[in-house]
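Listed next: structures, encoded as structure tokens.
Here come two complexes built around subunit A, the first alongside subunit B, the second alongside subunit C.
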Partner chain A sequence: MFTELNSILNTSPDSFTRGEFILVSDRQSDASFLIHHFLSFYLRARCKVCFLGLAQSFCHYSAVSQRLGVSLTQAKEKGQLVFFEGLKECLSVLTPKENNVESEAMNFLRDPPVGLRSLYEFVRSSVIGSGSMEEGAEQWGPSVLLVDDLSVLLSLGVDVGAVLDFSHYCRALVCSQVQGNMVMLVRCNGEEDDDDDDDDDDDGDVGSDVLLKGLTHQCNLNLHVQGLPTGYCKDIHGQMEVCWKRRQSDAPHMQKNLFQYKVYDKGASFFARGTSSAVL
Partner chain B sequence: MLSELLQGIESGGFLIIRDSCRYSGRDLLKSFITAALNREEVIHILCFDVSEEELKDGLKPSDTQRLHIHNAYSDPLGWTGHPNFTVQQFSLEDLTNLVKQTSQPKPAVLVIDSLSWILRHKTPPAVCQTLQQLRKGGAVRAVIGLLHTDMHQRGTVGSVCHLATSLISVAPGVKGKEAVARVTKRTKSGKVMQDEGIFCIAEDFTVTILSKPSHAEHKTNSTEEEQTDPTANLTFNLRLSDSELEAKQKLTLPFVFSKEKKTALLHPGPGSGRILYEPDAYDDYDQEDPDDDLDV
Partner chain C sequence: MAAPVNSVGKTSADRLQVNCTSFQKKTRSKLISIPGTRPSVQNGQLLVSTGVTSLDYLLGGGLAVGTVLLIEEDRFDSYSRMILKYFLAEGVVCRHELFVATAQDNPDEILQELPAPILDDVAVPKPVEQPRLTGEPQDSLDAMKIAWRYQNLPKVQSALASSSRFGHYYDVSKTMEVEIRQAAKCHRFYLPDHITPSSAAHRVESYSALLKSLQEVIHREGFDLATPMSKTRNILRVGLHSLGSALWGDDLCCHDKPRHSHALTTFLYGLRALLRSSLSVAVVTLPSHLIQDRALMGNITRLCDNAIALESFKGSERETNPLYKDYHGLLYVRQVPHLNCLARQLPDHKDLAFKLKRKQFTIERLHLPPDLSETVSRVSRGEPVVVASACGSSASGTKNLDF
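== the complex of A and B ==
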């Protein structure tokens, strides 16, 4: 958990806004460090976390969370964390063995036009299914859904519309029905283009751009990570734009803030533009 | 023109609010809803994009008897098995039945939030057909839709907007709370009027129209030119009197090669220096001018 990011977003594990959809996006950069932040943040806040880890293995997340002071194995044993390891599950779909109980969640691998309804059913069962708990189980806070990352689904052959439907249904379930929070990571590869021309050659880039725009319309808070526009720097790893939408308490207008960041071994520091410790 | 539209949409009218990621048009949509409720109209809302609570947030609770929100947000595709309203029900018969269920005397205004959701799941021709039938059918008096232009191809957006009688495109303004609206209105006689203005929306969803952007720019330019006179308000004098101005214009600059300078150099008058050259035995004195640049 990055304390500087908590103060920027004005949240803490003890008090955070519920019912929020936080979209983490990046363009030609890597914003997965923010997913690790939110994972350790919500585990510390004693929330029930459902994590769809599609991009990396469980050991990777576990190792990084260890450095941030949270044990994923313990959380899984206590029932606080439901971890969906996408890499292992897709192997069981592609190479079925007799002993393996095939999970239905990744059946879109066999038939992409089917869409992500089964994955949504998995999310629904882990978010709502916790109603019937065993005796002596601990009471956890509001449910949180974390997805890392949605662009992997695009490269697995799922249609952009299906991914947008999936995120819509997850939002209706997690944010509106259960009043929990949702954090999703989306990655874009191409350059940001301001005109409306569709590029027929780069279908992949257009897909991820449309996905990003669709999710930006749905989200409450967007953290957009990019490299520095001036190029590579050893002391500053990139810039992050924090974009607030739909804050009921304030006047209904969008608020944008730009920060620069540097990722360390056990955390990350965020500072206003031009105030990096290497400069001052 | 934005204020005229807020005061009422004519019968059979179709208004589209076009927005993008940079500025959400939902607040303007809520302003239209509030204005219509204040005019005692009956409103049916097809709610796809946001939850019912979020849409009702900010609207006055006393008007809810004339406001009917159809929740298509929780299950628009029928995944849970008992959906309230699915996207497949967006057709003339189903919508007419839906509107007639409330049995109000006056025909209602139908608000769609958003058209983008429907366009993702139904083909543009089917959507356009349904919208056109709704306009002419008589079950609803007018239709207002919200469209996210950056989520569709230009052709799709263009086809749907072609059906509209009024279009409002919103974009973020220069200052925080302001936004720019470009309004296009098509009258029944075929005349097209366009207008642009800056507006801002208060917390109770009343719209305040501020100055127009193009006129504002011209005004600031002219006043700037009048105001900035650098020779004013100084402790020393930078201005020139008429005689000084004349002398300045008469002055020839030292390194400008004018005609007078040329003749003065080539034909030196008495008293100017002369060069006497006596070549040595080793000098190669060539009478010819290799550069050929002397006009002698």
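== the complex of A and C ==
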């Protein structure tokens, strides 16, 4: 949990708005440190977390969370965390053995046109299903769904429309029905206004851009991470744009703020442009 | 994750689950050490050497076990193939097992071209297996005549520790001797042996055949982290040559909009899953200059942990450019990993160049030669002209002043 990011977003583990869809996106950069922030944030807020870790192994997330002060293994044992390890499950589909049962949630690997319905069923069963099972279990807060990251699904051959459908179904389930929160990570390549003229060339990039635009439209809060426009710098790792979409007010307006950040071993620091400690 | 080496044994009980990919010592007295590896000073990862010491430095001390290094090939696949051979040769010297997969040349051809190591303490295998790579005192001291002092250092170290030196040097003008090479266990995957190139299955199944073969080798030889810790562990070095080329049945390099663009990325995802759960490390070379779709290269790079790209000057006009006369090509670091930690170890400089010398593959920061001003060079070149014209003319200007 990054304390500076909490003050930027005006949240804390004790009080945060419910029913929010937070989109974390990056372009030619790596925004996965924000996913670690949200994971430790919601575990500290005593929420019930469903984490789809598709990009890395469980021990990677566990080791990073240890540095941020949260133990994933303990959370799993207590039932607070449902962890879906994509790397482990995919092997049962990609290299099937006779006595091993294939993982249902990853059956889109065998047949990409099938879509992400089974993955959604997994999410649904972990968000809703376990509420009424144990009487003696601790009461957790609202359910939270974290996905790291959606672009891996695009690389594995899933259609953009299927991923957009999946995110819409999850949002309807988690944000509207259960009044929980949802955080998703999307990664893009290339420049933003690249395909105005050459529509036939960058077919692959159009996919992730379409996904990003569709999700930006659906989300409440967008954290967009990019590299510095002036080039590579070892002390400032990039810039982050925070974009709120307020629905409560009569005139819906978007509020944007731009920060620069640097990632440390145990956290990240955010500062206004030009006020990095390396510069001042 | 790539396996870390944690010296604190207190939390080993709850971290050593079946599905956890870390390994650490079970009791405080027993230290798991595999020859040819060392723990990273930054985050405790287990590292192996790539065979090129400057590349090790660039990657943060070495290649972490459980990760993939992607090398984007240069135009004629000369230097990327060289790095692959260094990687495999390092595996032979450290007594690791090898897995080589190719679609173009037979894996034996690559193995026969491995460079010869420059060491005196590489044990030539005798009928009785030596547990350590300590050299006999009468082994050739004449490998280095001038820098013989540096040869003595590993001998002193190897008397104390059980693991051999990290990172060796190779002589590319000689090939590795057959006895040393055959001492290492090598598994081969030659694509035409498994799938006939003209069959319909070739297009989509070559990668899955490779993945299944690799998983079978990992499971059979005991590199899985799930197998019990009692036996001695070793590292499997996987070398995959020219993935993504047309010979693997992929049309990534042929079309602008390939039909099965996700076949290679699915394979890389499965490869990451296999590596994270076993004691192996992979180097993949990819002819990226043939792939037109830059977004696809971005996806491929993100699915590998380390990624570098080579651009050689051979055949281009840069070969004769005086700026680049000291180097053979440029090296770009596309991606560095962050494994088990938040921060990445970013390189200091991004403009790097490499040079392949006979005994070393060096990667340096690209230095422009000093800018000599015009007057300095004119004087140095003009002196014979001054001598010739001094007898002819009376006064030839201020630059002919003698002091």
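We adopt the following convention: the second predicted complex is superposed on the first by the 268 of 280 C-alpha atoms of A that agree within 3 Å, B and C clash if a C-alpha of one lies under 4 Å from a C-alpha of the other, contacts with A are read in each partner's own complex, and residues count from 1 in each chain.
Convention: a contact is a pair of C-beta atoms (placed from the backbone, for glycine too) under 8 Å apart; a residue touches a chain by one contact, two chains touch by 3 or more.
Every value quoted in this text rests on a predicted model; they were computed, and no experiment measured them.
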| item | value |
| --- | --- |
| Combined model on subunit A: subunit C and subunit B, fit or clash | fit |
| First, second, both or neither for A:Tyr120, with subunit B first and subunit C second | first |
| Subunit A: partner with more touched residues, subunit B or subunit C | C |
| Which superposed partner A:Asp165 touches (first subunit B, second subunit C, both, neither) | first |
| First (subunit B), second (subunit C), both or neither touched by A:Ser208 | second |
| Partner chain(s) touched by A:Thr275 [first = subunit B, second = subunit C, both, neither] | neither |
| Which superposed partner A:Ser7 touches (first subunit B, second subunit C, both, neither) | neither |
| Inter-chain angle, subunit B to subunit C through the CA centre of subunit A, in degrees rounded to a multiple of 10 | 110 |
| First, second, both or neither for A:Gln179, with subunit B first and subunit C second | neither |
| Which of subunit B and subunit C A:Phe33 touches, first, second, both or neither | second |
| Touching partner for A:Met254 - first (subunit B), second (subunit C), both, neither | first |
| Least Cα gap, in Å, left between subunit B and subunit C after the two complexes are fitted on chain A | 10 |
| Intersection of subunit A interface sets (partners subunit B, subunit C) | none |
| Residues of subunit A touching subunit B in the complex | 117, 120, 161, 164-165, 168-169, 172, 176-177, 196-198, 210, 213-214, 216-218, 245-246, 248, 251-255 |
| Partner subunit C, residues of subunit A touching it in the complex | 28, 30, 32-33, 36, 56-60, 62-64, 67, 73, 85, 87-88, 90-91, 94-95, 109, 112, 151-152, 154-157, 187, 189-190, 200-205, 207-208, 232, 234, 237, 263-268 |
| Touch list for subunit C against partner subunit A, complex | 1, 4, 14-15, 17, 19-22, 208, 211-212, 215, 256-257, 261-262, 265-266, 269-270, 272-274, 276-277, 292-296, 298-299, 302-303, 338-344, 346, 348, 350 |
| Of all residues in subunit B, those that touch subunit A in their complex | 21-24, 27, 49, 51, 53-54, 57-58, 73-77, 79, 116, 120-121, 148-151, 153-154, 172, 176-177, 201, 203 |
